[in-house]
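Here come two complexes built around chain A, the first alongside chain B, the second alongside chain C.
Right after this comes the complex of A and B.
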């Protein structure tokens, strides 16, 4: 009887998972059309109005454009979430620290200082997914920085069957009470009016990490000390169901 | 120790005890048989011995009779005694072949008898026969007669024989009695041993059965307890079992299973929660910028003042899109929430539900809404049935192209289900769309013409499938459309009441 129950439960779980993905796909896919229509209509309206319009109208049109873009971004984030288990499934052999160097190169400029400390580790993995997660964490660190020079420290060590990657920055960090919430969808630390962020990057990063069988957490004592993310990424490709 | 080992050990021990009992009985019966043989032999020896004595006495008596009467026929017992003596003696010798004492006695008997026959009986018979032939013969006879009887030579010899046969008789009688006594003692002892061992085996058997039964019963009932707790989705129970036997490993397996069940229930719940939370996030977070867009569009509309109709039209179109998006989001949320929340069941009149729906919908002028005439009390999750009916009826109204539009609702009991249908006289649905219309976001007409999200029928289908019902559509272009679906008949909410009613019947 309990075996049946177990099987039934597993089935239900699979069903819910499927529904979840289907639902997410529907949300992102079918809502896209009217949102694009809104953007288009706005374009035509502002064209028709011409250049000589009152400032407040100009301002409102700009705000409206922002909102429409935000909606589109939100939808593509939802779409990205729904595609985590279906995209970038290519596997390849990567070697540290070269892999981290390559990714970091793009983020190095006058305002950033990225240091890498990594054990020489080579393994086969979903390298595109790992790259996406690291990219997101770097982007996040730079985006939220309140310093002139953002320093980011990447430390990679082998912990049992995992690669442990510490990403520490000198930014403002997150207050302890919001540390778990930053991973939820569309959560932004600052008000939506002040930021262009839609609050999906870390959600997607964590979702990708979970898919690969890893773990993404934030480890930081208090606000104002810079944030430190801990990424645990399996050194073996896990069988996923 | 394993249970099966315990069972084997106890049954093995009981079998061993019974085996021992059987062996003892076997040994005993062998002994008894031997004793009986001895007793029989002794009896036979005693009998034959007595026959021998008779033979000797007969021979003596025959001799005496002959000597007294002088007639030859009186000698017959003598000859008979002689013959019988020889037979009995050889029999006795044979019977006593393992008894040297008796053989010794017999040899003495034979010696004495032969001596008596050779030196007493045979000469005196010879002399008696010749007694009348001469005086010398008479004197010889008298001499012999005097020797044998007055000197009692013959009697002494016979007495010696009687003495030795008496010894045999005595020895064998003693032997026989001794054997009988041994027989009785050993039989008693075997009986005692047999009874004692049988009782011991029975005690061990019963004790083993009771002990094993008790421990097994207690543990099995704790497993049953766990199983029924699992069935009630209570996973906090773990079995502890330190016996290290088969039931222990079964307990361990059950614990693992309970844990796995708990984990999958937890992840199922988590998944459901996530989905709910996601639905909330989507609704909340997507709607916020949407509302902003709506407001901004309104402000722009107010601020631009005199302008071309194109702009006004586009602004209105834009707000139409915003409205549509909001409806879509609401529809998706409704769709996502089906079956995820438990809704209480109520009993209500189906006609009343239809009346409420008719009042909530805006019926175009001239539109005819026909209810079923018979009263029907339905027990179910009212909101779900309402959602189904609202979607079907509003579709029938929305897409109707006749000036005298009409929608007819029928409902009847059909076995374990209600059969409910919603028929309209609208444009009908071409065959190729009959499957597609139940998909999410499917509308037949272009989305610009009728404000329809296309999710209504998907919601209808999902609700009905959630209730294990089925829905079908019958329609031809220009022939109207009939949606028919089944809905399970549930027991009325007042279950306790109906049960007592049954008992009274």
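Right after this comes the complex of A and C.
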């Protein structure tokens, strides 16, 4: 392939990507209105019927509301994915460990113990995007914890032109055979009946990381040993087209 | 105008259920302000310019609507000598920065996302209500 043809292909690819994102945005945005309406109307019906609804009717209304809510959450996850390349594009200078301290602070409570070990690294980056990814990884660790006290260790080092952040927890981890699947959209490790989780957080986190030119993987020896995520994040802002 | 007078509110919204949502929220929170309704920007503009309704102090405005969308309507309002001072709250599902920037450039009093921040909207409404009672304003 000659160079002109290559450049042309790249342009076409960028165009198709843009059209796809616009399509996804439009679809998920416009589907939201009728779902919200269903949700509202259900709420009003049960409100208006008052307390004397038969139990099975009450139960069915609740199930219907749950499903409508799940649908709403799924759509907003699709929306979030379609907006990765268009939102939070502000860049700013951040310093470690302060940046990690700030994010971790709101996850610290009686049931969680978060330690941070970081080389002093300062760099300019899509700080909102990096923050979103770290927030998701912490949320994920706490959500899947089966321990009374969840411990999370954040270790940040500089590896060539990347920040390498290890997020290790003492949870039950993921079985090796599902380790790649946890990044798929709408995959949940537990049945959707048992969890409010819709299985989109890690998908969005990986998509954001890829956008920034980084890499997000899980690294864990065996099930039951807690999970360890490895985030590689570029220390320089990459030119994206 | 006397102190007891409640401010008039115009709701510009194309979705029937969203209209019911506002009406129910008003009832639930004992907000008794007169509420007028237009189904799109064009209808609202005609109502305002032909004085079909008492001039509202506040407009609650959806963005995605047929015929004339919220931002186009807002542009018309801001360039109309008689209407340009009205406080406008955008209430939309659009979380796009471009819509927010365009709206604030047209001097909106607030930008509210449906439906999560509805509580905030109700709070703003009652705040605005007391605010208007406190303030002197030009006779309309």
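We adopt the following convention: the second predicted complex is superposed on the first by the 231 of 241 C-alpha atoms of A that agree within 3 Å, B and C clash if a C-alpha of one lies under 4 Å from a C-alpha of the other, contacts with A are read in each partner's own complex, and residues count from 1 in each chain.
Quick note on the criterion: a residue touches a chain if its C-beta (ideal position, glycine included) is under 8 Å from a C-beta of that chain, and two chains touch if they have at least 3 such contacts.
Note that the structure is a prediction, hence the values are computed from the model and not measured.
Peer 1: With both structures lined up on chain A, is it a clash or a fit for chain B and chain C?
Peer 2: Because the two structures are overlaid on the shared chain, the partners are seen to fit without clashing.
Peer 1: Would you check which partner chain A:70 touches, where first means chain B only, second means chain C only, and both and neither mean what they say?
Peer 2: first
Peer 1: Tell me which touches more residues of chain A here: chain C or chain B.
Peer 2: B
Peer 1: Figure out whether A:87 sits in contact with chain B (first) or chain C (second), or with both, or with neither.
Peer 2: Once the two structures are laid over each other on A, A:87 reaches chain C alone.
Peer 1: I'd like to know which partner A:32 touches here: chain B for first, chain C for second, both or neither.
Peer 2: second
Peer 1: For A:44, is the partner it touches chain B (first), chain C (second), both, or none of the two (neither)?
Peer 2: A:44 sits against chain B and chain C alike.
Peer 1: Taking the C-alpha centre of chain A as the vertex, compute the angle to the C-alpha centres of chain B and chain C, in steps of 10 degrees.
Peer 2: 100
Peer 1: For the overlay built on chain A, what is the smallest gap between any CA atom of chain B and any CA atom of chain C, in Å?
Peer 2: 9
Peer 1: Once the two structures are superposed, pull the chain A residues common to the chain B and chain C interfaces.
Peer 2: 37, 41, 44
Peer 1: Of all residues in chain A, which touch chain B in the complex?
Peer 2: Listed in rising order, the residues are 1-3, 5-6, 9-10, 12-13, 16-17, 19-20, 23-24, 26-27, 30-31, 34-35, 37-38, 41-42, 44-45, 48-49, 53-54, 56-57, 60-61, 63-64, 67-68, 70-71, 74-75, 78, 184-186, 192.
Peer 1: Could you pull out which chain C residues touch chain A in their complex?
Peer 2: Against chain A, chain C makes touches at 15, 17-18, 20-21, 24, 93-95, 97, 114-115.
Peer 1: Mind pulling up the chain A residues that touch chain C in the complex?
Peer 2: Within the complex, chain A touches chain C at residues 29, 32-33, 36-37, 40-41, 44, 79, 87.
Peer 1: Please output the residues of chain B touching chain A within their complex, sorted ascending.
Peer 2: 227, 230-231, 257-258, 260-261, 264-265, 267-268, 271-272, 274-275, 277-279, 281-282, 285-286, 288-290, 292-293, 296-297, 299-300, 303-304, 307-308, 310-311, 314-315, 317-318, 321-322, 324-325, 328-329, 332, 335-336, 440-441
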